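Residue numbering begins at 1 within each chain, and the chains themselves are lettered A, B, C, D, E and F in the order written.
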Amino acid sequence: MSTTTPDPITPEDRERRDRFDRGRAVLDAVDGAAGEAVITALQDVAPELAHQIIGWAYGDIYARPGLVPRDRQLLTLGMLTALGGCEKELTVHLNAALNVGLTPQEIVEALLHSAVYCGIPRALNATMVAKDVFAERGLLPVT
Amino acid sequence: MSTTTPDPITPEDRERRDRFDRGRAVLDAVDGAAGEAVITALQDVAPELAHQIIGWAYGDIYARPGLVPRDRQLLTLGMLTALGGCEKELTVHLNAALNVGLTPQEIVEALLHSAVYCGIPRALNATMVAKDVFAERGLLPVT
Amino acid sequence: MSTTTPDPITPEDRERRDRFDRGRAVLDAVDGAAGEAVITALQDVAPELAHQIIGWAYGDIYARPGLVPRDRQLLTLGMLTALGGCEKELTVHLNAALNVGLTPQEIVEALLHSAVYCGIPRALNATMVAKDVFAERGLLPVT
Amino acid sequence: MSTTTPDPITPEDRERRDRFDRGRAVLDAVDGAAGEAVITALQDVAPELAHQIIGWAYGDIYARPGLVPRDRQLLTLGMLTALGGCEKELTVHLNAALNVGLTPQEIVEALLHSAVYCGIPRALNATMVAKDVFAERGLLPVT
Amino acid sequence: MSTTTPDPITPEDRERRDRFDRGRAVLDAVDGAAGEAVITALQDVAPELAHQIIGWAYGDIYARPGLVPRDRQLLTLGMLTALGGCEKELTVHLNAALNVGLTPQEIVEALLHSAVYCGIPRALNATMVAKDVFAERGLLPVT
Amino acid sequence: MSTTTPDPITPEDRERRDRFDRGRAVLDAVDGAAGEAVITALQDVAPELAHQIIGWAYGDIYARPGLVPRDRQLLTLGMLTALGGCEKELTVHLNAALNVGLTPQEIVEALLHSAVYCGIPRALNATMVAKDVFAERGLLPVT
C-alpha cells in the first residue's frame, strides 16, 4: 500500500476492530485459555460468531461497569445450569468464576442453591462439571 | 392420650417445626409480603408444598452461610430468567433482590447480561416484569 | 350421489377419517369439554393441527393399550410441568387426570414430586393451575 | 481536538449511533409498530437493552445479507415456538413474518411442522397466538 | 376369515403401511443414511417409535406440500438449536439441510441468527455440531 | 454416655441423620447401585448436595405414602425426558423404574407417549438411553 493512498480502513471497520479489541481484553482477563480455545475452534466454520462473542458479548456487555466480574460469573453459572445441555460453556465459565475470585466453596454453594429453582438433575449435572474443573486445577476435595 | 402423658410432639415433629420456623424467618427477611402471599395461596391445595418451600428451600438452603443474600438473589434472577415462564416467581424475587440490597441499576444490568446466555426474548420478558415491580415501588425511571 | 359414480372416498380418506373417529372417542372419554374447546378454537386457523391432535395424538398414541389412561395422564402432568409455559394444556390435562381416576390428593402429590426434578417454580406454577381446576370442580380444600 | 471545535461526539459514539440507525431501519422495515412498542416500553427501565436490540440484533445480525428476511422470520418463529413462554415476542414476529412475505398458510404449516420437534403443546400455544394476530389483520379463516 | 380368501391385511394395516411407505420415501430423499441409522437403532427397543417417526413425522407432516423441504430444514435447525441437548438430531438435520439445498454459508448464518433468540451457548453448541458435519463432508473452511 | 459428658449430638443433628437414614433406605430400595454411584461421586465436591438428594428428595418426598413407587418413577421418566440433557439421570431412573416394577414394554410406551408432549427428539433421546439400560440388563429385544 503506497504512502499516497488514503487509509482504506473505514470508520466502521475501525469501530468493529475496536470493539473486538476491547472484548478480547475482557475475554483474556476473565476466561483465559478456555475461552480462547472456543474462539479458535470457530475460525474455519463461523468466524462471525467468534467476532460477535468477543465484540458483542465481551466488548459491549461484559465491558460495562454496572456489575463486577464476580457478579457476572455468578449470574452466568446460574443461567447455564438452568439452561441445561451447556456442559462445555460451564467448563469455560467455572474456570472464569475461579479466575475472578469466586471460591470453590461459593461455586458449590451456588450450584446447591440452583437445585431449588432448576431441580436436582440440573444442579447435579453442573456440579459434576465443577468437579472436573476443580480436579484439573487441583482444588479437590472442596471442604 | 392421658392428661399425664408428656408432650405428644415427637422429635420428628419438633424438627419439622424448627426447620419451618428457621425458613420462615429467612423468608420474612428476604421476600416479605410477596413470598407470604404464595404460601397463603397454597394452604387449601398443597400445604406440604408450602411447608417444603419454607422448611427446605428457605430453612435448609437459603439459611446456609455459604453465600450472602445478595448473591443468592442475583443467582435466582439469572435462573428464573433462563427458565422462562416464571413471571410470578420473578415478581417475588425482584422484590427480594431489592430487599437485600441490589439496586435497580444492578438488576437491569443483570438482565441485560442475561441476553448473552438466554437470548433477547428471555431477557426482555424478565425486564418487563422488573419494570412492573419498579413501578409499584416508585423506582422508575431507572437512570 | 348416483349409483353409477364410484365412491369418491379414497382408502386414504377413509383411514384418515377412521383414525380421527378413533381419536375423537378417546378424546371425548378422557378430556371432555376442555379438549373439545381446543379443537373448536383451531378450526378457522389450523384445522390440520386439530386433525393431528385427534387423529395422531389420540387416535394413534393414546388409543394404544400399552399404558392405562391413568398412567398416561400422570406422565402428561409430569411433562407439562417440566416444560413450563403450558398452563392451558395443564388445565385440560388436570381435568383429564381427574376424569380417568387420579384423585386431587394424588395430583398434588405428583406436583410435589415434580419439585425434585423441575425445581420449585415449575411445581408451584402447576400447583396453582391445579388449584383453579379443583376450585371449578368444587374439590377444594384438598385434605 | 482543538479548543475551537467542540465536537463532543467521539468516533465510538458515532459508530454506536450508526449501528443504531442501521438497526432501526431494519426494525422499521420488518417489525413495524409492534417492534417499536417494545423499544418504547423499555426506555424508562432498560434503555441499553433497547439499544442492543436495535443496534446489535437488528443492526449487526439482521442487517447481514446471508439470509433473506423471509428465512430469518421462519427461523425465528421456529425458535420462539421451541422456547415456549414467548407469546409477546411471537406476536411481534408473526406480524414481521407477514410483513416480509410469509403467507398465513405457510405460517400455519410451519407451526404444524413444529409439533414434530417441540411437541403438541408448544405448537398449539404458538398457533393460538397466530390466530390472534391473523384475526387482528383480518386474515381469518386461513384456508 | 374364510380359508379361500387369504388376504390377512386389513384396510387399517394397509393404510399404516402406505403412510410408512410415503414417509420412508421422504426420509430417504431428505435425511439419507443418517436418518436411516436412527430408524435401524430403534428396531429392537421401540419399533413403534420408528414407525411413528416415518409414518407420522415424514408420512403425514413432511409430505405435505405447504412448505418446501428447504424451509422445513431451516425451521428444524432453529428448533433443535433452541431446544438444546439435541446434538444427534442436529447431525441428522444438518445433513438433511445440505441435502435439500441449504449452503454451509446459509446454515452458519442461520445459527448466528439463532444467537439473538436462544443466546450464545445454544448457537455455539449447534455451530460446533455443524463444524463436525461440514468436516465429514469436506466442506471446511466455510468462507 | 456419662452424665458428665454432655450429649454432643444436637436434636437438629439427630433429625438430619434420621432424614438421611430414611432417605437412604428409599434410595437403596429404588435406585440401587446407580443411585449410590452418584452419591459417592459427590463426596469430595458437594457432600451437602449428596445429603440433600438423600435427606430431602428421598427422605422427605419419595418416602411420602401419597404415590406408589411405580407412579413416582413413571412421572420421573416423563419429567427427565421433557427436561432434556439428563441422560445420566435417565440411566439411574430407568433402572429404578425397572426395579419398582415397570416393564420394558411400559417404559417404551411411556417414552412413545412423551413424543406427543415433548416432540420426537426428546422421546428419541430418552429411548436410546433406555436401549442402553435394557441391553445392560439383558432385556433386549423389547417385544
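The rule is short, and it goes like this: a residue touches a chain if its C-beta (ideal position, glycine included) is under 8 Å from a C-beta of that chain, and two chains touch if they have at least 3 such contacts.
The structure presented is a predicted model; accordingly, all values stated were derived computationally and were not measured.
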Neighbouring chains shared between chain C and chain E, ordered by label: A, B, D, F
Each chain counted as touching chain D and chain E at once: A, B, C, F
Remotest chain, chain A as reference, centres from CA atoms: C
Fraction-based call for chain E against chain B, same above half, different below: same
Farthest chain (mean CA position) relative to chain D: F
Inter-centroid spacing, chain D versus chain C (mean Cα positions, whole Å): 32
Intercentroid distance (Cα basis), chain D paired with chain A, Å: 27
Approximate Å spacing (C-alpha centroids) for the pair chain A, chain C: 42
Multi-chain contact residues (two or more partners), chain E: 48, 52, 56-57, 61, 64, 80, 83-85, 108, 112, 115-122
Contacting residues of chain C [partner chain B, same complex]: 84-85, 108, 111-112, 115, 119-125, 127-128, 130-131, 134, 140-142
Chain C-touching residues of chain A, taken from the complex the two chains share: 115-122
Chain C to chain E touching residues, read off their complex: 11-12, 14-15, 18, 48, 52, 56, 60-61, 64
Chain B partner contacts - residues on chain D that touch it in the complex: 38, 41-46, 48-49, 52-53, 57, 80, 83-86, 88-89
Contacting residues of chain D [partner chain E, same complex]: 56-57, 61-62, 64, 66-67, 71-72, 74-83, 105-106, 108-110, 112-118
